[in-house]
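What follows is a set of structures for review.
Here chain A shows up in two complexes: once beside chain B, once beside chain C.
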Partner chain A sequence: MNMVLQQIINGISIGAVYALISVGYSLVYSILKFSNFAHGGVMMLGSYFGLLGLQYLGLPFPLAMALAIVGSGLLAVLNERVAYRPIRNRNSPLLYLLISSLGVSIFFENFTIVTIGPNFRTYPPVLPTDSLMFGGLSVGRLDIIIFVMAAVTLSLLTWLVYGTKIGNAIRATSYNMRVSRLMGINPDMIVALVFFLAGASAGLGGVLFGIKYTVWPQMGILTLKAFIAAVVGGLGSLPGAVVGALLLGTAETFAAAFVSSAFRDLFSFALMILIILVRPAGLFGKITEEKA
Partner chain B sequence: MKKHGLFRIAIVLIAVLALASCGPKAESKSAASEIKIGWLGALSGDQAVWGTAERNGTLLMIEKINKAGGILGRQLKLVDYDDKGDQLEAVNVAKRLITEDKVAAIIGTNSSGRNIAIAPIAEKAKVPVIATYATNPRVTQPAEGELMQYTFRVCFTDPYQGSVMADFSKSELKATKAAVLYEISSDYSVGVAQYFRQRWKELGGELVADEAFKTGDVEFRAQLTKIKEAKPDVIIMPFLYKEVALATKQARGLGIQAVFIGGDGWPSSELLKMAADAVEGSFFVDHTDVNMPQVQDWRTEYKARFGKDFEVNAIMAHDAVLVLQAAIEKAGSADPEKIAAAMTLIDPVAGYTGNIKIDPKTHNPTGKAAAIMGIKDGKFGLHTVMQPMQ
Partner chain C sequence: MSEYTIGILILACVNLISVLGLSLLTGFTGQFNFGQAGFMAIGAYTAAILTTRLGAPMAVAIAAAMAMSGLASVLIGYPTLRLKGDYFAIGTLGFAEAIRLVIENFDKLTGGSRGIPRIQTYTTLPVALAAVAVALVVVASYIGSTHGRNCIAIREDEMAAEAIGVDAFRYKQVSFAINAVLAGLSGALLAHYVGFIQPSMFGLVKSTEMIVIVIFGGMQSLTGAVIATFLLTALPEVLRAAMAWRLVLYGVLVVFIMIVRPEGVMGTWELSPRNVKAAFARLRSKARPERAGKAG
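Coming up: the complex of A and B.
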């Protein structure tokens, strides 16, 4: 019983990190209807921004965190400006956006290897990494902090999208970009805002990820799991991304614990295929159009 | 006149050719008293530190043997070439050693990749190669059931570390229950884990958990929670330092008290930085260490001869020359084919890294000792030298 509870705790703590990344995939998808695979690269660079602030600029942790969040938010906006907007303006097929995002992701990774270096880096001990023991159960203090930060960020995002005027504009643009333009909304601004939000949450995720594990140029690949979570939850849906992330985190932990650790990824990817087959729109998704 | 001129030139040419053909014969007669030993390895490039120590070690050993009267009453002569740490270059110089210098045997190289590259050449020319620091199993056995007839080695293979881990856990740590966490997508890790399981079973140990992860994973708590439930005394972690740092940190975070045991993928200052307290009190297996007590005399001799401290490769070179000496004596001849045939027939040779014999089935050494390194007060250090258990 203890082991089941411990595995649930493990799963939720992994899921919380996935959630911060997967909302970025979902946000961008909801507006532009494509999967932005450069998102992992933004998260990776966000992690490096935080490290830069802490180690080289000597900033206190909250400021370094802010640097990472704002830095990766702006990076995502720039990414859209340079690599996606020209394609959008030409009304090219959505597939081109996807291909461009793959290119950007490879660019980010190699840019980091060449300029910063291929080796692993570790965050200085800014947050407590020890564990609290409750009977036989261990809960990492860092995991609690990550969970709280993720919950606060995700609540803020949800409030922004569903409870404010600007959120109305975002949802209107997501519903129909042309008609929203007729209503006086500047879609390019909304797209930039969405990319900023996605990038900023990836930046936060990157910093937390870096503290919890380590920082290296290929860490963006790990966001593939967050992407699966977004698909499982229903691409384009914010609550879907969060639920999908927690579900995937616990599912793969349970697969590792009770099926076989060697089969863990086999299991999580099979889960994704199964959900796509049974519910093509994901658990919370409403859109059933083409998903590029 | 012109005809005469040509005629004269022809005569001169014939005379020169006749003399020339006499020359090598005369030379080979005088060289017959000498046995040529080839060496190849990196003397330049980023592997030069290891290669140079190895060449120097080989040279020093040959000088010692010569001083003591040589082998079969014949003096040895070292022919050494720089392979620049490059596989293509290694192939070139191996060919030169065989066809031009006609060496009796080759010692080297100091890496698996180059030994794999030159093995087919040795095979074709039927000249034995004794690898010093080529630890990949494929150096002598390119595939399951295949054996390179002319390639041997004096270092143990990577997966053999698993066997040492089992011996150490049993004899020194008195462990009875072990868990394995390994990287399923790495040959190295799978190999070490397999050797550990096999040896652990032979020693009567209980394997309470056997968990895997994939290259690139950063989260091990699902596996570690399972391992914790099984309450092992030791956890075998044969993978590289980044994953070691994460896994050990997460294991301690879950309250696991077991001793962590690793392999030669551990030593890195990054590990100490990343894992800090989590790896304190852990052990890992390495081939050999410059601080082992039995090599200190050799170290002093080396320093006196070359004016600088040596690297572990000089220890392996020492043992490689000893094994070759035993094989030449056993063969009673410096003929490469006869030496190769005698390699697996030698009596155990007391080298610095164990009582070495060459296994005829694998061409790997048996009876090898290993260095057990410990992590204490945030530093790596030699803990003990593990002799193979019977």
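Coming up: the complex of A and C.
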């Protein structure tokens, strides 16, 4: 029983970080209706921004984290401006956006390898790594801190999207971009804002991943899991992304603990394919027919 | 020709077979396949296991590789090709990664992440050229036929194509199957050229490379696909020093092409006798003095 509880806690902690990244996939999908594969690169660079702040600029941890969040948010906005907006303005097929995001992702990863180097880097010990005991359960303090940070950020994001006027505009744009323009909403502003939010939360996710694991140019591959989570929860749905991420984190931890760690990734992909087969709109997505 | 040049040529031929399939599926039918390497892996492992473990002749191994890969495309295509949007791309991505992980974990049969060593090198230049010729004829005649035009119609506007009676799902399935069979062939030839295979050869990077070649050459031109394959296979060999920058350039290239010229370098132009004659005629009329005078 303890073992099971232990795995649930581990799973939720890793799932919370997946959630930070998968909401970015979902937000962008909800507005522009394509899977932004450059998101992993933004997360990776966010992790490097944090490292830069801590190690090379000597900033205290909160400032370094702010640097990573703002830096990757702006990077995502720049990414949209350069690589997606010209395609959007031409009303090209959505496929072109997907291809372009793939190009950006290749660029981010390899540019980092060429300029910063291919090696793994570790964050300095900024957060405590010891464990707390709760009646037989040992919970890493790092895991608790990570979970709290992710939960606070996600709550803020949910409030922003569902509780504010700006959030209304975001949801209106995602519902129908053309009509929302008639209502006086500037879609380009909303798109930029959405990319900033997606990039910023990915930046925080990157810092947390960097602290928990290490930082390396291909760490964008970790976001594949977050992407799977977004698909499982329903692309375009914010609560879906969070629930999907928590589910995936827990399920994956269980697979690793009770079956075999080698099958953990295989399990995630199998789950994604299963969801696409059974309920492609995901757990929370609306089943809509995309009109050609 | 030196052995080195022949090696590059064989590699380009092997890549080209896979690219031709992908060109039909992604370029002409408009279905974004993110997992080409998965199908190549199926082909490579099927063929290599047959020749190394069972001592099967190369022809049997190739046939089995193509069959297995084609079968996989039916399994993954049947549910995902009905869906609109990114789901097909996502499905192929997940499929390719899952295949790689399965290969890595069933090490009794596949050698795990160490792979399969000491594969007979059956793939010589004549074999590779013959395979390319067959693939080229199959894909070119398919695209030139009514079926090919139906595929293009689906890419341009699926709803309109269905409205005039094109069974979009069926055509997408056929394109996907042809693509997978060719990818399987390419994988089998690759295994028997390099002499060893391991799962890391068939990762996301390989899938990306394939799709970049198709996009670069022109999503609607087989001529473009051929030129792009030879260019992008040979270039990194020539520019060894700039190796690290190659992938950076790939990324920039993809974004640049999507922004500036989404139809690719060759656009819809094909190297056919008629088009060549027309191009020459245009050149001659430009060279004529009265035309030049008017332009100036």
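By definition in this document, the second predicted complex is superposed on the first by the 285 of 292 C-alpha atoms of A that agree within 3 Å, B and C clash if a C-alpha of one lies under 4 Å from a C-alpha of the other, contacts with A are read in each partner's own complex, and residues count from 1 in each chain.
By our rule, a residue touches a chain if its C-beta (ideal position, glycine included) is under 8 Å from a C-beta of that chain, and two chains touch if they have at least 3 such contacts.
Predicted, not measured: the structure shown is a model, and the values here were computed from it.
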Is A:M272 touching the first partner chain B, the second partner chain C, both, or neither of them?
second
Based on the superposed arrangement, let me know which partner A:L224 touches: chain B (first), chain C (second), both, or neither?
second
Who does A:A256 touch here: chain B (first), chain C (second), both, or neither?
first
Once the structures are superposed on A, label A:G163 by its partner contacts, choosing first (chain B), second (chain C), both or neither.
neither
Chain B versus chain C as contact partner of A:I106, first or second or both or neither
second
Does the superposition put A:P124 against chain B (first), chain C (second), both, or neither?
neither
Partner, of chain C and chain B, that touches more residues belonging to chain A:
C
Overlapping contact positions on chain A, where the chain C interface meets the chain B interface:
221, 262, 265
Contacts from chain A onto chain B in the complex sit at residues 2-3, 6-7, 10-11, 13-14, 119-120, 122, 129-131, 133, 136, 138, 140, 213-214, 216, 218, 221-222, 252-254, 256-257, 260-262, 264-265
Parts of chain B lying in touch with chain A, wherever the complex brings them together
184, 211-214, 216, 218-219, 221-223, 225-226, 229, 242, 245-246, 249, 253-255, 270, 273-274
So in the complex, the part of chain C that touches chain A is made up of which residues?
30, 32, 34, 76, 79-80, 83-87, 89-91, 94-95, 97-98, 101-102, 104-105, 157-160, 204, 208, 211-212, 215, 244-245, 247-248, 250-255, 258-259, 262
Show which residues of chain A lie in contact with chain C when the two form their complex.
33-35, 82-83, 86-87, 92-96, 98-100, 102-111, 113-114, 221, 224, 227-228, 231, 235, 262-263, 265-266, 269-270, 272-273, 276-277, 280, 289-292
